[in-house]
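Quick one: this structure, given as structure tokens, is what I'll be asking you about.
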Amino acid sequence: MDLQDRSAGRQAYMDDSLGPANTLWRDALRRLLRHRLAMFGAVVLTLVAIMGVFGTAIAPYDPNGMDFANRFASPSFAHWMGTDDFGRDIFSRIIVGARVSLLSGVVAVSVATAVGTSLGLIAGYSTRLTDEVIMRAMDVLYAFPAILLAIAVLAALGKGIENAMIAIGVVYIPIFARIARAAVLGIRNEEFIIAARALGAGNIRILATHVLPNVLSPIIVEITLSLAFAILAEAALSFFGLGTQPPDPSWGRMLSEGRDFFRQSGWMGVFPGLAIFFTVMGFNFLGDGLRDALDPKLRR
Amino acid sequence: MNRNRIALLILLLVASVLGVSMLTSAQMSESVLRSAHDAEWTGLDPHVASTVSSFYVLANVVESLTTNDDNIELTPLLATDWSQSEDGLTWTFNLREGVHFSNGVEMTSEHVVFSMNRIINPDTGSGRVASVGGPDAVWEAMDTYSVSVTTPQPNAILPVLLASRATAVVHPDSVDENGVIVVPIGTGPFIIEDLDGTISMTLAKNENYWMEGMPLLDAVEITVIQEDAAREAALLGGEVDFVTSVAPQAVQALQDNSEVVVLVSPALAYKYIGLNLMREPLNDVRVRQAIAYAINRDDLCAAGDFGLCTPLYGGPIDTGSPWHFEYAPYSQDLDKARALLAEAGYADGFEMELMPTSTYQDTVRQAQVLQAQLGAVGITTTINAPEWAEWLELEGNFRYDGYICSWNGLVDVEHYFYLQHRTDEVFNFTGYSNPDFDALVEKGRTVSDFDERYAIYAEANRILVDAVPYVYFYNPAFVRAMSPRVQGYVLRSDNANLYMNTYLEG
Amino acid sequence: MNYQYIAQRLLLAVIVILGVTFVVFMIMQIVPGDPARVVLGPYASDESVQGLRERLGLNRPFIEQYISWLGNAIRGDFGQSLLNGQDVAPQLISRMGPSFELAMVSLLFGLAIAFPVGMISALKPGSAIDVVATLFSQIGVSVPSFWMGILLIIFLSLHLNLFPPSGYTPIWENVSDWFHHIFLPAFTAGFVSASIQTRFIRSAMLDVLNANYVQTARAKGLAERAVVLNHALRNALINIVTIIGLQITALFSGVVIVEVVFSWPGLGRLALNAVEERDYPLLQGTVFVVAVMVTMVNLFVDLLYFLLDPRIEYA
């Protein structure tokens, strides 16, 4: 294994040994279902997903409806989580905001996974020169201040929630590229690959049918963990005013815009903070569970 | 690394935390004010800088020919008196004698001419050319202690315009080889020392200051704390003695706290939305009037400034100013707004974009309220909140429907009308053009009698309010908070942040 | 030690640093927003904007601007800030210290939490203590750092008045004052990094504890304590060095929010201001310094790696 990747990638804590695919997946699923924290994470995420899908349909109030007579109302039966500085119902905004948080995770990580994994596969599987070029480009991207990268992407694509998601995704591309490449390097000289090549399969075919399935497990783990980071990244972008555009709620924007009111109206900080906390935790637990489940060495 | 060493490390950390917590911060020397500003200064070249945060500092370092006193009346500063020629084309200023720059050099007419010419020179890129008489003004030294300025047209209000510290007199050594002023050498009561980027600086007493016994403080240590909660905590915790702003929503609680003194003053400023008259349907005056009728200024004020403001139902000038005009037609009237929209052919409403800036969160709050209010009369809005740098570019190039912003530090009536609304004037970003209005504000510049000027601007105000290139929201208030030890600081309605008369008690 | 390998790594590092500065330069050209307008504010005429652009050298072709920047930077001249005319180099130097200190203290805070928690939970995987430790380590990594920072200010500064919410004292002036000021920002940044480190340490320990040589040691009947300390920990160190390297990197470039919330005079805040104000020379300088630091840390970690694990070969 090349040192560069060990030092820079996040796979230091990941497993790099891969077994035959089929039994691995079945065993993994069984182990996952027995993993208490992972199941807890899955339950939390299911709830969040329901909020995200049904959103406005299950929210008790219009999430953007203002009521100036009722500003800064503390939690009550009418407003379970109180109201904000415009008199908007925080509970409704959290329900509707779930969609943005989930979507930003999914879109961002899809971008990062698709682009990063492809680049990593190519780098790991091609000639030294291509490898160097791709990976040095990844280094450049990685050494970049993330917020600047996000601002640049947003400026190039225009503002808006989708573009903010893509911006977050771009930041994570190098991580996926490194993981994918490292995984490929680990198996490129395995017998089944050499055999496929001997049988005359093209490079793309080999990558798609033989290499990809065998590097999936570290990537799946990284996906769940990155989903967690992407949700936090959405909050960070909101802190700089770069996230979703008002009035549509996102948890990050609720926190960053509400931060001036935390002292006087604590509920404005507590509830969106808890929403982010539980969702991120859900992804992390699921990721941990997947990692344990996909790692044969940790069988216990 | 072994476990014992880690344990030791943890112990050390814990011990130092405990030790440190018990320490009380050392008492400062009594005549040093520790001040926390709310934003980083963006350059200290008085002729180029434009932000309030820069002038919070510069107002203590450089001085202009004239100034406004605490009641915002025009008074002498570096010039002791001034007069206008018969034809109105030439002003003569007699300079104060015995004024020294902080480098010890005596200020004379050549320094004044140098400074004014630097502002006029297009290579400087100053935004204050109009304040020193315009690009064709000719500044001349008459003798050591007097200067004259000649303009192509009569300019009755030049002394008023020169009260801005942006027209300050600086020593030529302030300008470096790149043509930039990094730290100005001025005649003000304080000198900038220990400048650390845009994080901190010390304003040290200028020993050469011309006004006897001034300033009272030996120094002001300035730091920048951007986050509202942190700034408030720094004041309450005694880390600083003075803060340049507190969040409007925290004012009430601080006023009830005997550990803190809060000053609130109505501001010579206004917040508004500028409408793009080059675009449909905003080029129709009925549509603009409909917007003016549709909005509820109390709610805007509540959302943006938490009630610390005076709603504006007509023109931009508050009741406290001598230039207040009674004309105020735009109390909220949704039926009237709908009728005007229908008349203009937009009975079903239309779509427009609101452009606040994410850099100033109060504008984003206002945009959200506007969105709800305009929605009630069928105007569907989207909000685009670019960051400041991008916002400036969009605004400057007419690439917006409606931008949300504010004007600050306006003293004379001229400041409210001429630069913003005269045809093709530099600050006219709405595309408003009306020959009648232009004629009035041009005439207003040449007249010095108050009643005569008042009549002229009352008419200009009426034309402008009816045409609605700007929909005015409200006059905000300025807030400062400080420890009770801080005495003598005056919060002025022009927001000038002067430490000269400030002192510490006890 | 293989000198050719080191030379090769250094060369690559230089290429990466150049790449970063070039990309920054290019991006700043694409991004809308004009530094001259930022300086002059919302009410600037086109003439004054053009005058200032000319004076600042912004009207020259992009490549010319970059090459002249690079040429000067190599000689140690990072130019002047567009916004305030101050030399960039001294500003970078004055921010490097606080950034470095914040990164180091955060790392120490992080390790002080992560080591015990990660080790304990790895030794008893699946136990109640593991679950509690995991939950604890989740907190830092599951909340936005600005949220935690503001809550800390509200509780520890405003209500309890234990730590100042802002400010910086150089360490050589007054150590306890320095620590007093660095505590909240370092704790905020360190807690996030502790959560990540705990996960790394737990997995690294789990890996080695399950490895053959540790099982062999156990089989030989060595006391568990000796197994853990002599075999497992030493081998886990290799991974842990990697993690620390990564964390330092992240702490150098990734604590912008913490610096803003606590008014910490670090490089992250400087870079943020430079971006917001389109202050190209200042941004270039900051990114350059951060890229050099990050690359150096990576290089150092690699070499340390080599020392710790002589089995590694260099291709």
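As written, the chain order gives the labels A, B and C, with residue 1 at the start of each chain.
Keep in mind that, in the parts below, a contact is a pair of C-beta atoms (placed from the backbone, for glycine too) under 8 Å apart; a residue touches a chain by one contact, two chains touch by 3 or more.
Everything numeric here is computed off the predicted structure, so don't read it as measured data.
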item	value
Shared chain contacts [subunit B and subunit C, defined touch]	A
Chain whose average C-alpha position is farthest from subunit B's own	A
Between A-C and A-B, the pair with more C-beta contacts	A-C
Most central chain, Cα average position	C
Chain centre separation in whole Å, for subunit C relative to subunit B (CA means)	37
Geometric centre distance via CA averages, subunit B-subunit A, whole Å	43
Computed distance of Cα centres, subunit C from subunit A, in Å	21
Touching two or more other chains - residue numbers and ranges from subunit A	151, 155, 240, 259, 262-263
Sites on subunit C at which at least two other chains make contact	31-33, 150, 154, 158
Subunit B residues counted as touching two or more neighbouring chains	229, 359, 386-387, 390
In the complex with subunit B, residue positions of subunit A that touch it	64-66, 68, 71, 85-86, 151, 155, 159, 240-242, 245-247, 257, 259-264
Touch list for subunit A against partner subunit C, complex	2-4, 6-8, 10, 12-14, 36-37, 136-137, 139-140, 143-148, 151-152, 155-156, 228, 232, 235-236, 239-240, 252, 255-256, 259, 262-263, 269, 273, 276-278, 280-281, 284-285, 288, 291, 297-298, 300
Subunit B-touching residues of subunit C, taken from the complex the two chains share	31-55, 80, 83-86, 91, 94-95, 108-109, 111-112, 115-116, 150, 153-154, 157-158, 161-167, 176-177, 179-180, 183, 229, 237, 260-263, 265, 270, 273, 276-278
In the complex, subunit B residues that touch subunit C	1-3, 6, 9-10, 13, 16-17, 19-21, 23, 25, 36, 40-45, 48-51, 122-127, 129, 176, 178-182, 195-200, 223-227, 229-234, 236-237, 239, 359, 386-390, 392-396, 405, 419, 426-427
Complex interface listing, subunit B residues touching subunit A	228-229, 247, 249-250, 253, 299, 302-303, 358-359, 361, 364-365, 367-369, 371-372, 382-387, 390
